[in-house]
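Read through the structure below, which is laid out as structure tokens, and then see the notes.
Chain IDs A, B, C and D follow the sequence of writing; residue 1 opens each chain.
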């Protein structure tokens, strides 16, 4: 008996921070895979189409298959026996799962941190220092006649960013799309993105801060040293020209990526850019936005913020939240050998942290939640296979501009969601710790 | 459901039911006030205590995108004000923008059980519900920003008033809002435009539209009344904070033409003087108008000295303040719907304007003939945190304290007001009106703000103390929906509150107008925009005429 | 009392309470520090005519100054703390700030302070900057040669002014020799001798026949008025009298300085050493010569 | 009083009770009973330290490898805290008086937000010495921090008053956003010193590349540098005569801010 394929309209792609919500998914009648992802970009297509339900064990302890309940018990034991349990990851899962993770950190007096700390954490810190002028992406589409990208390659990292939001997108005051805009690109080398730019500034590596600082001085009409070109590769004249355009546009925006935030200078680079956008408001309306990578990293920032007051790198050791990037951010505390248990949700620190941190990861019990095996899950004491958010799991995610959307999963997974795993662990921890969580309280 | 509770020997203040300090028994069962409970029910002896309905905050900023921005913006504000975890309650941090759990617990500690988030663009509704879900104890809803909605304004400028009304109905449903909020009507277009400017009078044309702020105000007041929403249009007038703005405020109130309208944080809109120069007090003028016009209600938006956080849909105002203070600043635009500005702020006794604002707020309270229509707010956290309410209550109840405090602030400012000439001291009954019964009535929450049979069992019990600040600072008992949340000053167990929203009827054909607008100008799919019931589970829909 | 052949009269010097400050002036070389110090202490012989009395206390080696440069310390005395402050502002502003390479530091670690650099800073026209070092604020005033550095405030303390003794000699030559020797011996820390190279010839008495004058020539000690003045205090063989006036930070320093001075002045040809007073009714400090010399 | 670490902590030990104000009022057994956090576990000082009643001269001496021990001397207002060994983060955080001496290296946030007192470190220190915490703009408001070795990034971030001297190199953004105060670095300054500085002085005895918003003024021998150097020498900070007597380039900045800050670079 042949079934009609299921169609999911307006499905939401969580591959990157664009969180496009206009995808039409065709689900194979067997209910186990997606055969078509209309509107999705190349990255989104592979995200949807390559997703298969594999035959992994739902849970393993030390590499041996165990029942879900055994794994939950073991994970809870690891947690309650730790003096400094750290929870990390969370940017590729739903807000519902993120809330459970914060609750665990709270009930355990542990530490919680998201991948923000290794991508746009510097932006978060800069934001706390200088603020920001920002907008939802539709404002860019409708109004921006000056668009700049700094230190990122959206054509490859966020392929639909141009079309949906910022470059070719047609909006209220930009009915002709790209013709109505000036597009500027700043990078250390030409990229596939820079091809579309009207203005390309190829700057010397590591001179972002100097250039941004010089632009701020120009905007403010302040003194500038004439060694600028030698140091940044951009001539004074070219820069003046650019700054004039920025001051005279109707609505300007600068998008910035990790090329800015994770190079030397980090949060100061991000801060300089945010301040430049703010300074420009003396002349016109101007905003700046980080182009966030992970599908729900923005949600993680939001959830951790509203529950604790701080966006990432939060420590509950003393029974209340404390925040200090560098001290309570996971890569740093592992690098100093500080945590004595680690729970990783949808991330792979064992493959991308510093050598010192990885060595420490290997020396402590690790709990991992991931739809697929990773370096981290392979060295985990307890490894859960979980369902993939957006494809198998419903819930809330946040677009890079803080717009919350509700996922439309395509088909069911045999694996539990991160939220379900974490909630089970939370309940067991509370039992072990004698904390009575009632059903009405924030579940 | 919860066990029955009997509260005996307490002095009860229940203005809606004309109970003014009588010793009276209050019985609670299944989350409601009932006339009796079995004799073996849990009994609270409230001898020497004051029993009131739970507090109702008609205007505060506690959830949503801008609140969360302000929250993560200020780690320095949280650091020295932590909320340690107790039992199964969650930990958190305080400061002027506390974390969600802490917000709920601290409101409850003051005896508040209902609070209304005052400004959310519809696109931020889902986020707002996420946060409200994590704001324990309180029942809560929010007001949806519609006065700078491009789609609505396009309908309005074309004179399509019927479709406008239907679209408003659609939006209230899609966003599951409680009331319509106007912030600086028409001001977003000039702000988001090239000159970062603002509109300055009600009859000025809004850039890009054949429309004036007055037309928007009128249309939304009408829509609120025609849809018979429980709470009328909630209006943050144009020209907030500018000298001479009382004229705009009067004009806005006149625009209601006798229909119901609520002017919010009216203190910020009661200034005389010339633009660009020091303000003066026009509290008397504003009070007179409201005293004479029963269709108008207001909350004060009292300024309290110390740390505050300015967060408002009125972005151009925050830009002005930013340039004055050089503080860190946030601007956050929402496509087709709203603007937003945020900055840390501090009200200081010695500064003329701040002292004047403080005095004007008190004047407005004290000159109001009808406390039911001039209710308590600090526009938390704009005029100061809600945690200042006890002190504010003392200022209203204790003239000597008030005059002593007035002696510690900028004397030039005080001399420019009538504060010292006013002898009025609020009674306990009047405090119960401005903090509970009044806001509940203005909100159309018939089950709140009173202790009559059938009311929600939201009850607070305070030790009666001479020092009213100390008294209202920490309720001895707080019962929410019939369950004890605070028992003898101790937290019992975490409690959820519920979402309050409206679902007025509208003609679904209006979606044929809105959908194409979305396709052209929004970046969220029309079908992904509306908030579904998952985000408001356990909600209470407050009836409107049509629903 | 007779020391060698000089008679020490049994009398006392009458000294007055004053207020004093110590200013450490440094310079690139000793020459410029001294130039500033000299300028600053010029025209500062007597409060009567100069509103303050000031003098160089000593030269300070570079390893003892706050900036490691050669320095000179100056003491300045006036009738009140405020007066000291005002005179310092005038004199440092005109004589030290103007002098190449100098800097100016407070030399008295006492509680009471007067603002000096804190006033002179306005010369910087908004370009001045301050620096807090070990609890003391320094002002940096940009000048054409670099910058003038001065402490914001200077300590002031009660002090003793007007200690004195008179050297009565047989002739000018021996009297000059005696006072020069005395002056050399008297320069100890904590005192200055405000008159030209420490010596004054125009000793005065209070009052005058002219109403507006507070003091006038000390006729009882003027050899040429032996015949015409109403009274003379001069032994017959005396033809010349010179006086040394001492201002010091305390009575002890003044006394010690006087003792050393008298010791050095006594010699053949010096008939008497005595002291000026007003009957003991005006100044609160009485420095008895015999007591000083007996130790 | 003397404390010797007898058990190495597995995870950070938050020993914010170790400061003279508190300890000098306690007997040895009272001190041993003071509560501290070992990770999330409440424990006592005695569980980690052997406490003896030596040297009754107002000094608290702490000995051992304290690199996982945080918050030593935080909030102290008087007395002397002597540390023999390396020490962890937040040493002397928020102190207002007294003196801390470390015979070893220190972690990050040494003397953050202090308003007075003196911290002397014989070895190296980490990031954010004498700085703000995230979110606020005002760093240290007074006090002195003297470090013989090198430090990492953001030395004196947001500093409003006080004196910081470093014998070795400093990391990037030395004196960033400083409002006033003095920073002396005898080694090499990292990148972008003085970015966003409003007022204040950064002195280095090496050349450095400055931001384009700094303007060269002159080369001279400002007396104030000599005063600062000699003052530092009196505090036991060693530096060569040639630095005291040398010429310095003066640069003004940051022009984006008030342009009243200055950076002095040694010019021989």
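The definition used in the following text is that contacts are C-beta pairs under 8 Å (C-beta built on N, C-alpha and C of every residue); 3 or more make two chains touch, one makes a residue touch a chain.
What you are looking at is a predicted structure, and each value in this text was computed from that prediction instead of being measured.
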I want to compare two interfaces, B-D and C-D. Which one has more contacting C-beta pairs?
C-D
Which chain is in the middle, if each chain's centre is the mean of its C-alpha atoms?
D
Taking each chain's centre as the mean position of its Cα atoms, how many Å separate subunit B from subunit D?
46
Taking each chain's centre as its mean C-alpha position, how far apart are subunit C and subunit D in Å?
45
What is the distance in Å between the mean C-alpha positions of subunit A and subunit B?
33
Euclidean distance of C-alpha centroids - subunit A vs subunit D, Å:
35
Among the residues of subunit D, pick out those that touch two or more other chains and give their numbers.
133-135, 137
Where in subunit C do residues touch two or more other chains at once?
none
Where subunit A touches two or more other chains at once, the residues are 109, 128-129, 316, 318, 323
Could you list each pair of chains that touch, in label order?
A-B, A-D, B-D, C-D
Complex contacts: residues of subunit B adjacent to subunit A
63, 65, 67-69, 71-75, 78-79, 82-85, 87-88, 90-93, 95, 97-102, 123-124, 126-127, 130-131, 133-134, 136, 150, 191-196, 319, 328-336, 342-343, 493-496, 520-525, 527-528, 532, 534-535
In the complex formed with subunit D, which residues of subunit A make contact?
82-85, 108-110, 125, 128-129, 209-210, 213-214, 216-217, 220, 222-225, 227-228, 231, 264-265, 268, 316-318, 323-327, 338-340
Note which residues of subunit D are touching subunit A in the complex, please.
10-12, 14, 37-41, 68, 89, 108-109, 127-128, 133-135, 137, 172-173, 176, 191-192, 195, 209-215, 255-256, 259
If you look only at subunit C, which of its residues touch subunit D in the complex?
26, 66-69, 101, 103, 129, 131-134, 138, 140, 146-147, 149
Residue numbers on subunit B that touch subunit D, as the complex places them
73-77, 79, 328
